[in-house]
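Take a look at the structures below.
The following pair of complexes shares a single chain, subunit A, combined with subunit B in the former and subunit C in the latter.
Then we have the complex of A and B:
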C-alpha cells in the first residue's frame, strides 16, 4: 500500500490505494498435502483450494462461490515442482502458467499445450493462473483441456484415503464440475511423453487479444499408427474427447469431411452471448480441416 | 519575416508521462479522506417497473451503516440540457441496472452487506426497447411527465406525451422535388448498437457536505465548472459554496462530461452528518448503471444525377437515448447539422429524433454522434456510387464541400475550413486506390479496400467560453491555471508549448498542475468537443500577451526605454537597439528593485479568455444558422483481409488524413490519431451491447464485451496530418481529438463490400455476422 500527502487548498488530503475485502472466509496457508487434505475434509465441502485464484477470487467477488475456508496451496513444495523429461512430465499444481510457457523443455516437448496456455487470459493473469486451476475450474472452454485430453494426461490427487490417479478423460463431469471429492487436492498433472506424436491446438475467439474460446480444439496424430485423436472445447458441458480415429491419408479432403461429421455428432454447442450454436457449428469443420492440414502436413513429412 | 517556432509544432513529450509511468499520479479512486464512508448500490433488476415498496429497515440497523437513501426523499431533477434524471430512481425504474437505493457505510463491505438486506417490491410496467417502436403513439411512455421538464429553451424541442425528447430538423432547398427529378435514387437503412466508453478509471466521486450550506467534491470528471454549476442549481447553493476538485482523471471519452455520481455522493454525505462519502462505480456498474453511447437507427435517401452529383439527400436519425436524454438531445442536434456528411447538397431534409427507451441511457462519447451518422452516410455514398457505376472516391470528389459552397445549415464554406478533398486524395494515394489488392497467400482469404470521409465541429452552446491565468514565478517561469481537464488527451502539454512560445521562455519553466480546483482555477465550460486546445490555446496566447505587457511596462521604467522599443527573447526583456542591456524576467516577475532599493511593479499575473464567436441558435423549423466554431475534415482508407471460413477480419493497413490546421505537437497528435483509430476499430468490429427481450443487459463486463487490445492493433497504420490553417485558431490549429475514431467503421464496411461483394449495414462487423452473411451468399436460404 502506498500513500502520499498532497496539499490541496486548506487541508491535507490523503491519497491511498484502495482495497477490497472479498468475503467472510478463513484463510489457511497449508505447508503439506496432508495438511491440505485434512483441512478440506474438516470443512466438509465448504472449502476451496486457492492456487492462482484467477477464477476463484472473481467467483467469490461475484458471489458465485462463498467458501468458508480458503486453502492456499502455493506454499507446498511438492506442488511447485516441474519435471519435464523423455519418460513423461509432472506439472505441480501451483506452478504458474508463465513458468511453463517460459520453460524451453516444456515448450519443445508440448508445443500445442504451450500454445493453448499462451492463449489463456493475459500475461499478468498467466503469472498467477495454473494448469491445475484451469482444469479444476472445469470450464467447458478451458483452453488446456483439449490438449491434455489428446495427450492422455492424468491428474494426480491425494485425499484422506490416499493418492489416486485420474485419467483426464474421466476428470470432467459437467459445467464447472469434476470427479474430485471434497477432501481431495490436486498434486500434479502427469503428461506422458510420446515423441512420435504431432500435436496442434486451435482456438476461435472474438478478438485477437485475450478472450474465452468460442470453440477450441486439439489434435494429436501418430504417423506410425496412423491414429488421430481429437478433443473439442466450448461445445458441450465438458470438453469432449473423440474415440481414436484411423486416418485415411489417401484423400485428406474427404477424410476431413468424415472427421467433421464425427465431431458435429459428438458435441452439442449452445447459443450464448459469445456466439450462436450456428456459428460454433460452422467453425467446427473449419478447425477440423485446419488441424488435419497442420498434422498431416507435418506427419506426412516425417 | 515570421519568427521560427521553438516549441509549437515540436514533438514535446507529455508533461504527465513521468507521474503516470511511475505510478505517482493520484486519481479520485485513490482518495481517502479521514472518516470517509463507502457506498454500495441496490440496482433495478427490471427494465421498466413501478417501485411499490422499499424495506430498508434491516439495512439501516446493520452496524456501520451511516446513510440509506432511496429516490423518494430526493426531489431533484437534474440535467444540463434536459432535466429528466433523478439522483436515484423515484417511483419507477426505467432501465435494468438503474440505482434504486444507495447505502453509505464505514466500509464497502458493510455497505454491500446492507444492500443485500434491502427488499424492493416492483410492479412490472410495459417495456419499450426499440426506439422506432417507442415513437408510436401507443408506445409505453418512459417519461409521462416530459412536458413538465425544464430544458434549454429554443434549442431543444421535446414533444409532450411522446417518447421524443428532441426533434431536430434541417430543411434546405426542396428535397421531394429534387429527389423525384434525380436520375438515380437510393434508400438504405443502417444500425449502430449502444457501446461503452470503457475508461480505465471508472466513474468515482467523493463529496462532503460542509456546515454553512457548503460542499466540497473530488471527482473524476471532464467538467469541473459544469459540475459546480449543476450542483449549485440543483441544491440551491451559491456557486462559491460548491468547490470541485478534479485530480488526475483516468480517461473520459465524453462519458464524464456531464454530472455523474457527484449528486449522489453529496446527498449521502448530507444524510450521514457531513462525513465525506465516496461513490465508486464497479466495472459492471460502469457498463450497466452509468451512461453509454446511444444506439442509432438511420435511413439515408440519396438522389443523384447521372454525372455523379448529389441533388437531394434525406436522413432520418432515430437515436436510442435510453432512459434519460440529458446529453442525448444535444447529440441528436449535432448529428442533424452535420447530418449530410462533408458534402455540398442543395436539397437536404434531416429529421433527428432522440427517443426514450427502457435501456441504459446515452451520453457524449468521442465523436458525439458522428461515428454513428457517418456509418450510414459513408456506406450510402459507396452504395450510390456503385449504383451510378462510378468509383466511390470519384463520386465523393464530385460532391465534397469546396470554396463557395454552403453547408446544409447555410454556412459559407471557405478555404479557411480546411481541405476535405486533400484529405481524400491523401488517403487514396497512400492506399494505392484504384489498384486491386494483391491476392492473399491463403486461398480462403480475400482482400478489399475501402475509404470514407469524416467531419465534425465542436457541439457546444453559442456562449461557450474559457479563461486562463498565468502567474509568473520568482525564477522567471510560470504556472498556467486552467480548469479544462487533461484526462489523457495531452492538452496541458500543448498549452505549455504555447505559453513557452508566447512568453519566450524555456518550456521547462512552464508548469500546469494536474488538479483543477474551482476555488482557484478560472472558468472553463467543459473539456469536450475537441475544443480545449483551440479555446484554451487562444486564451493562453492572450494571457501570455498580458504578462508580457506587464513585463514591458516595468522594464520600460527599469531600463528607461520606451515600451514599444523593447523586445523579448529567452526569458529576457531588452531594448531592441541594445540587446546586451536586457533584464531577465526573474528580476521583474515579483516587481523590479532599483540599485537604491526602490521597487516598482509587483507580482505579474496574466489573464486570457476566449468565447465562441458568431454562433447562432438554429432555426427550429429549418435548422438554418451557424452552429460550428470550426469544422475538422478527414478521411480514412483501409485495406482488409477476410477469412471466409471464420469471418475474421484482419486490418492490413489503415491510413488516416486529418486537416489539423496546424499540428501543435506531432507526437501527441499522432498518438491521438492512433488511439482514435483503434477505438474506432472497437466500434467497427466488436463492440455493442446485447439485451435480452426483457431489456436485461447481457454483456455488461469485460468477459463478454470485448474492446481492442494491444494484439488487435493493425500492423500498419499511417497518419497524414494536413495543415491548412484555421483562421482564429491558435497558430492556425483546429481540434482533432475525436475525429480519428469517426468513419473507421464506414471505411471497413466499404472494404468488406470490395472484398466480399456483400453489403453490411449493421454494426459491429463481428466475425459471426460476417460469416453468417458469407454463408447466406453462398447458400441462399
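Then we have the complex of A and C:
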C-alpha cells in the first residue's frame, strides 16, 4: 500500500525538492580508516567526512558547502571507542556527545568538558553530534574548543602519508579552517588527565535554552604551580588560548582586572547576528571575574 | 541509489533511496508516515524527532541511507490497534496539545526520556524537551503530561506500555 504513494504527483515534487535542498552528492560508508583516506584523496578536496552531520548537512542545505562525496566513518570500529583513565583519555571521532555526557568516568574526570558538551544544542542533536565534528567544523564559537585548549588536548589524525598527532592549539587556523589536509581523518581526541587541575567552562548566550555562544570561556588552574590557563571562543577567527598566567593574588579584584586586560588585548571580537563587538568587549571582563571566582575559590588560592 | 533495510515501529522495511534524501523525507514521502513533522529542516525545532535505536534524534539532520540496519520509532508506533499509549493519553488528559504540530516530536522526546529515566525530575523533563519548540501551550501542560505518564507507568506495571517493554 505504502509504496503506491511514491509515484503520486505530490511525492514526485517532494522528491525533486529533496534533491534541490540537499545538493547533489554520493554517499560512501567506509569500513576502514585507510579506505576513507583513499576515498578522500581520490576526491581531491571535493569530499567531506560525515560524522553526526549536524553541521555538514545544515551547511549543504544552506548551500554553504557542496561536497561531491560524503564519507561516512561512523561504522569504523576504531572511531567508536572511548577510553577514560588516569593516564589520559582517547575519545573516538564518531562517538556521539550523549555517550560522553552519560559516561560517569568521563563526567568526573572532565567536568568542565562535560558542561561544555551538555551546552551544545539539544538532546536530539547530541544523540548524533560528535566532539571531532565540533572541532573539525572549526566554528569560532565551538563550545568544546576552549576546554580542549586549556586541557592541552591533541588531535590524532590519519592521512595517506600515515598518522600524526596535532596539538589542539595548532589545529584551528581560521573561521571554519583547520590544519587538516583533504585526505586526513580525525581518529580520536586525546585528553591528558591532570587530577591537580581545577577547570571551569562558561557560556554567555542570548537566551536560556539552546543557542550558540555569544562568548565562551574555559579556565584551568593548577594550585600547585599557581598557573592559570584561559581560552576564549567566539571573539576572534579561531578560539584563542592565552599564554599561561602566573597567579599572584594579593587582591582578587585587581588580579581579575589584570587578567581581563590580557584577554581584551588577545581577542578581536566582531559584531554579528548574536552580539555586537561592544557587548562582547563588555562581557569578557565579567566572565573573567566569574571564572576566577570559580577557580580560585575552588583552588584554594587567596 | 542505495538499498537499505531497517525497521520502523517494529516492521521491517526496505527502500531504495538517493544519497541526498533525509530520513524525514523517507518517512513522510516514501513510507507515508506523515505524523513526523518538518518545521525548520535544520535541527532547531524538534518537530521531526524520532527514535533511532531508542534515542531521540532530529530526522531532518540524518540521511535516509544512514538508517540502514537501524531501528526507527515514530509517533505512528505509539498507539497500537487504535489504543493510545499512556503518554498520548496523558497529553490529552493534561491538555498538552493545542495546534498539535509539535506533539509528535514532543511525545518521541518524552518516550526517549522515559526509556532512559522512568521517573524523571522536573529538570530532566525540561532538558529532554528543550529541543522541541511549542508555539501554543507554554510548555507547562506538556511537562505535567510527561510527569503524569511517568507516574501512571510506575503505578500500573501491568499496563500495555509496560508489557511492551516501553517503560524500561
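The rule we apply is simple: the second predicted complex is superposed on the first by the 279 of 302 C-alpha atoms of A that agree within 3 Å, B and C clash if a C-alpha of one lies under 4 Å from a C-alpha of the other, contacts with A are read in each partner's own complex, and residues count from 1 in each chain.
In this section, a contact is a pair of C-beta atoms (placed from the backbone, for glycine too) under 8 Å apart; a residue touches a chain by one contact, two chains touch by 3 or more.
Predicted model, so just to flag it, every value in this text is computed and none were measured.
**Q** Which partner chains sit in contact with A:279 here, subunit B, subunit C, both or neither? Use first/second/both/neither.
**A** A:279 contacts subunit B only, not subunit C.
**Q** Between subunit B and subunit C, whom does A:25 touch in the aligned arrangement: first, second, both, or neither?
**A** The answer is second: A:25 touches subunit C but not subunit B.
**Q** Answer with first, second, both or neither: which of subunit B and subunit C does A:128 touch in the superposed model?
**A** second
**Q** Can A:246 be said to touch subunit B (first), subunit C (second), both, or neither?
**A** neither
**Q** One more residue to check, A:70. First (subunit B), second (subunit C), both or neither?
**A** In the superposed model, A:70 contacts subunit C only, not subunit B.
**Q** Contact-wise, after the overlay, does A:210 reach subunit B, subunit C, both or neither (first, second, both, neither)?
**A** both
**Q** Look at A:98 in the shared chain and tell me whether it touches subunit B only, subunit C only, both, or neither; answer first, second, both or neither.
**A** Touch partner of A:98: subunit C, not subunit B.
**Q** Applying the document's definition of touch, where does A:86 land relative to subunit B and subunit C: first, second, both, or neither?
**A** A:86: touches no partner chain.
**Q** Do subunit B and subunit C touch any of the same residues on subunit A, and if so, which?
**A** Residues common to the subunit A contacts of subunit C and of subunit B are 2-3, 6, 14-15, 18, 21, 209-210, listed in rising order.
**Q** Using the touch rule from the top, collect the residues of subunit A that touch subunit C in their complex.
**A** Against subunit C, the touching part of subunit A is residues 2-3, 5-6, 11, 14-15, 18-19, 21-27, 29, 50, 52-54, 57-58, 61-62, 70, 72, 74, 98, 121-125, 127-128, 209-210.
**Q** Tell me, which parts of subunit B touch subunit A in their complex?
**A** 23-24, 26, 29-34, 107-109, 218, 243, 245, 280, 515, 517, 519-520, 645-646, 685-686, 690, 698-699, 703-704, 706, 708-712, 766-768, 771-772, 775
**Q** Under the stated contact criterion, what part of subunit A meets subunit B in this complex?
**A** That would be residues 2-4, 6, 8-9, 13-18, 20-21, 204, 206-212, 273-276, 278-279, 282-283, 286, 289 of subunit A.
**Q** Please name which positions on subunit C make contact with subunit A in the complex.
**A** 2, 18-22, 25, 28-32, 41-43, 46, 49, 52, 55-58, 61-63, 65-66, 68, 109, 112, 127-128, 130-132
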